[in-house]
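Letters are used for the chains, namely A, B and C, taken in the order the chains are written, and counting of residues starts over at 1 for each.
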Amino acid sequence: MAVRVNPKLIDDLEYYGAQDVIKCYHCGNCSAACPFSKEPFVFPRRSMRYLQMGLEQRLKGTLEPWLCYYCGECSEECPRGAEPGETMMSMRRWLTAQYDFTGMADIFYRSWKAELWAVLIVALLTGIGLLLYGFNWGGGNLSIYDGPQAFLPSSAIHTFDWIMGGFLLVLLYFNSLRMWYFVMKEQRVPKIKLSIYIKKLYVLFLHFFTQKRYSECERKRPWILHLVLMFSYLTMLILIMLFLRQVQDGPAIDWRVHVFGYLAAIGLITTVILAIRGRLKKTDPYHKHSHESDWMFLILLVIVSVTGVLQHVLHRVGLYAPANIMYVLHMMGVVPMLVLEVPFSKWAHLAYRTFAMYFSELEVEALKQQAKAQQPIDAARQVPQAA
Amino acid sequence: MAFEPRIIGFLCNWCSYTGADLAGTSRVKYPFNVRIIRVMCSARIDPTFILKALSDGADGVLVCGCHPGDCHYVEGNYKAMRRFALLKKMLRSLGVEEDRVRLEWVSASEGVRFGEVIADMTEKIRKLGPNRIKAELILDKAER
Amino acid sequence: MEEQLKIGVYVCNCGTNIAKVVNVEEVAESLGKMDGVVVARSYKYMCSNPGQEMIVNDIKNLGLNRVVVAACSPRMHEPTFRKALENAGINPYFLEMANIREQCSWVHDDPIEATEKARVLTSAAVNRVQYHEPLEKRSVPMCPATLVLGGGVAGLAVALELGDAGQQVYLVERENRLGGNVARVDLTAPYLDSARDLLTEFITRANQNPKITVMLESKLVELGGYVGNFQARVEDAQGDVLELAVGSVVVCTGYKEFDASRIKSLAYGWLPNVITSFELEDMIRKGKILTNEGKVPQYVSLIHCVGSRSLEYHPYCSRVCCMTALKFANEVKSAIPNSYVSDLYIDMHAFGKGCEDFYRKSSEVKTMFLMYEKNHPPRIREAGPDDDCGMFIWVKEQLSGEEIEIPSDLVVLMVGMEPREDSESVAHLVNISRDKHGWFIESHPKLDPVATTTDGVFIAGACSSPKDIPDTVAQARAAAARILAKIAKGEIWADAIYAEVDEDLCSGCRMCNELCPYTAVEYDKATKRSHVIYAMCKACGACVAACPSGAIKARHFTDQQIFAQIEGVLPWHLNHVS
């Protein structure tokens, strides 16, 4: 069956950040340089080729962009300046948009203005919503920060958080199902039995929590920083989702809870500053190119971190009204960030990459089992030597 | 005393003679039994040269030219090939053994190969033994 | 004239190269005892100045009339020693060399055997040299006019080079315009300069040069004679036949393009939007690239190697098509910026100056490069009414390993080069040969690319093999330079070693006529004898061995001389059972 070529795809991918892929003349240095590239997943050259040729069908079901951690070795080795590393990154963006059934990711990646408008609208809605709530159903008094009479009581926020978070995660995992469907349809492997799914389940958790593969790159620094960033988020997530009341209670500092918050805040702010600095200085190969979505993400993070710290500080020093206002502003940053990033942008990788690691292990296992099953047949087929 | 064959080689100037020279510059070692006579092209080689060599006592005759298609004079080696085929027919009917008279294509770059051809031919003729033609001619004359 | 033979024998040590294995003194001493040998010496380096002086002095003082030098290969120093003889005042062909280095001391270990062999080889040389004759070089006059066949870029370059040097040129062109195939082209790769500008300059200068006689709609009908003295008969536009006396002929007849309709899977001639490279050039020159329906194509595809690199059609590469295809990719993209260009190639031959950069530049305008395999050429089919393109090209793509279908509105076939239909008749006319594909054969593919086996006839440009404009012009100028060199000398010197017919012995059987690859043997109908045109003879000896009457003599390689050598090498003193 011949695959249809879509010559327009490569123009399309420019919106996602792939500018130089046409320069690739397939020498293969990148695939040779990549520490992870080995059968049956050889990249980045194969994906570059699919993209150059506009083989949309193949590209949609490929796992390879997710198996890449963007160490940038390939871009450094490329003799033509075709930037395979950045091309893989733009493919991740494109795939995110393909998996998303709503089509929003597609819109946001293509147009940073649409992204910005969306962020502003959601922020505005959040702000208005919270203020309305605060004055009508909450404490009604800006000067009360914590406790049941608070302007924005933690129980209400707690409920809000769970609903919003739940909704976003459902969206993300639905998109992940789509990913599974595209991948399984496209990958030419033997049918993967349920036993393999169960056998390899641990891979999901292993990669999610440790990003073990990232640690195998030549440069260790990005892995360490990412791990710090991730655990800071996770800490914050756990604190907000499960210990919101303890966090918000004050103004005294409850060290058993708040110490985690402070550590997480330090972790977040440090890594964000380093990332921004990196993208501005462009010395590392994986920082040489920055898509608008990269900046959007970092800017939102900065806003969220700063407002988060400020509202906490203001609360602790007794300035309750400014603290509440800062809290509203903080939420006006958090909500759009989560709504944008989790299902439609960069955060989606927490699901997609993890699943890609899982699916790739499934494939390898299925191929291994098939080869083992084939052995006795092959042995039987060999003509016995004449005595 | 072991029998040492005497072999005459007719080599064309452009390919085979140059090939034999290359064997020299490459210090390839081969048996001393061959004596080389230079002609400009293998097409110059009159069958009478070979007949004279045999009747004057040569135990073997080697004719060398350029590989087909590479002749410096375009097609001289093809002419040599044709004449040689007819000559061999005649020699066979005269009872001259197959290995005594040989045609080889040697290019200017085949120094090592030239040495191998000489070594091979020397051994084959050593096994055949000396050429009886001259001795018989002398006897013949004496009998008259 | 029987003169008393006085032979001088010189055995070279060549340092230790010969002397280490061969006992040179013993050889010299033994040779000194031979009949006719007046002096036999050995010396360290015969080719050195003192060595040569030794020979010269001996010739002058001892009246030597034959010299044998046993040393390295004659291919090395025969000219050196011949010069020495000349300096000493005797004919240089009275020299014979014995190769006791490359074919003796360097290939044998045993000093006894090597010395014996050296002795034998040198004595054979002494035998032979007795029959050497004094040979003189002869000359023929050189007519400075030149006939150039073909008025394309090659012919124009030759004509201009000769015309600018003040020599008469007859430029014979079959069509009614100059410029050949380059005139059908708009821009040239890789620098995208205008072919028209290139040619206009050449054509104007050719027309204005008083020494260049341009004959359009004319063709050569007969060519007789030999180098320096050709008689050409040219039929002009009116049907009149002109007799031209020329000294050289340059064949610049060019090529024709492959007929793409021979390849059924490409649907040329059946699907209207499958066109050849020249048809695209036509469109570009007229200013608009449109499909047959008059629409601007959105998807344009270029297919390389149509008729080339294929065992079925032509196995060779036509050399220019890869860069021309890239040129088209650039031209299409600049004419239709929104178009998508795909380029289907087997290999990208970017061999010349500026070509690799051009390749990179072409990928920067987003040409989709697709590699197909020689044995699986692309197939073109019509698209359906719902598709957004006119055709689909099926390709087994190598870099991805996928079988794909590419949408296309206009497919351009890069047709290969072929010899022209009239190349056979031209070859016969001027007496040159064609290879198995029909291209004219050069004297030596590496070292002599513009001369042919027929002295005085040169070839330049695509008529000898597919090539681009830079190489064509280089060859054209090379041919012109060779001719100018000959003209400067004023006469052609024929080598002293050639074949000679003794007309008294010739029976007129004409066997020799057909054997000569240089057609140097001519039959005279009046005398009913054959004779050799010494200016054209290359001394291969093919006719000599064939002559049933023994009427042809190979000067310097006579039967007598070779028989003497055979007799000389056979005596053997060691280890031989008689």
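Just so we're on the same page, a contact is a pair of C-beta atoms (placed from the backbone, for glycine too) under 8 Å apart; a residue touches a chain by one contact, two chains touch by 3 or more.
Keep in mind that this is a model prediction, so the values were computed, not measured.
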For this session: Name whichever of B-C and A-C has more C-beta pairs touching across its two chains.
Result: B-C
For this session: With centres defined as the mean of C-alpha atoms, identify the chain lying farthest from chain C.
Result: A
Exercise. Just how far, in Å, is the C-alpha centre of chain B from the one of chain A?
Worked result: 82
Exercise. Taking each chain's centre as the mean position of its Cα atoms, how many Å separate chain A from chain C?
Worked result: 67
Exercise. Could you state the distance in Å from the CA-based centre of chain B to that of chain C?
Worked result: 31
Problem set entry | Of all residues in chain A, the ones touching two or more other chains | none
Exercise. Which chain C residues sit where two or more other chains touch them?
Worked result: none
Exercise. Which residues belonging to chain B are in contact with no fewer than two other chains?
Worked result: none
Exercise. Which of the residues in chain A end up touching chain C in this complex?
Worked result: 1-5, 7-8, 10-11, 22-23, 25-26, 46, 49-50, 52-55, 58, 80
Problem set entry | chain B-facing residues of chain C, complex | 73-75, 99, 101-103, 106-110, 113-114, 116-117, 120-121, 124, 433, 453, 497, 515, 517-518, 538-542, 544-546, 554, 557, 559, 562-563, 565-567, 569-570, 572, 574-578
Exercise. Taking the complex as given, what residues does chain C use to touch chain A?
Worked result: 299, 340, 342, 359-360, 363-364, 366-370, 394, 397, 399-400, 402-407
Problem set entry | Interface residues, chain B side, partner chain C - complex | 1-4, 6, 8, 13, 17-18, 20-21, 23-25, 27-30, 32, 35-41, 43-49, 52-53, 56-58, 72-76, 79, 83, 115, 130, 135
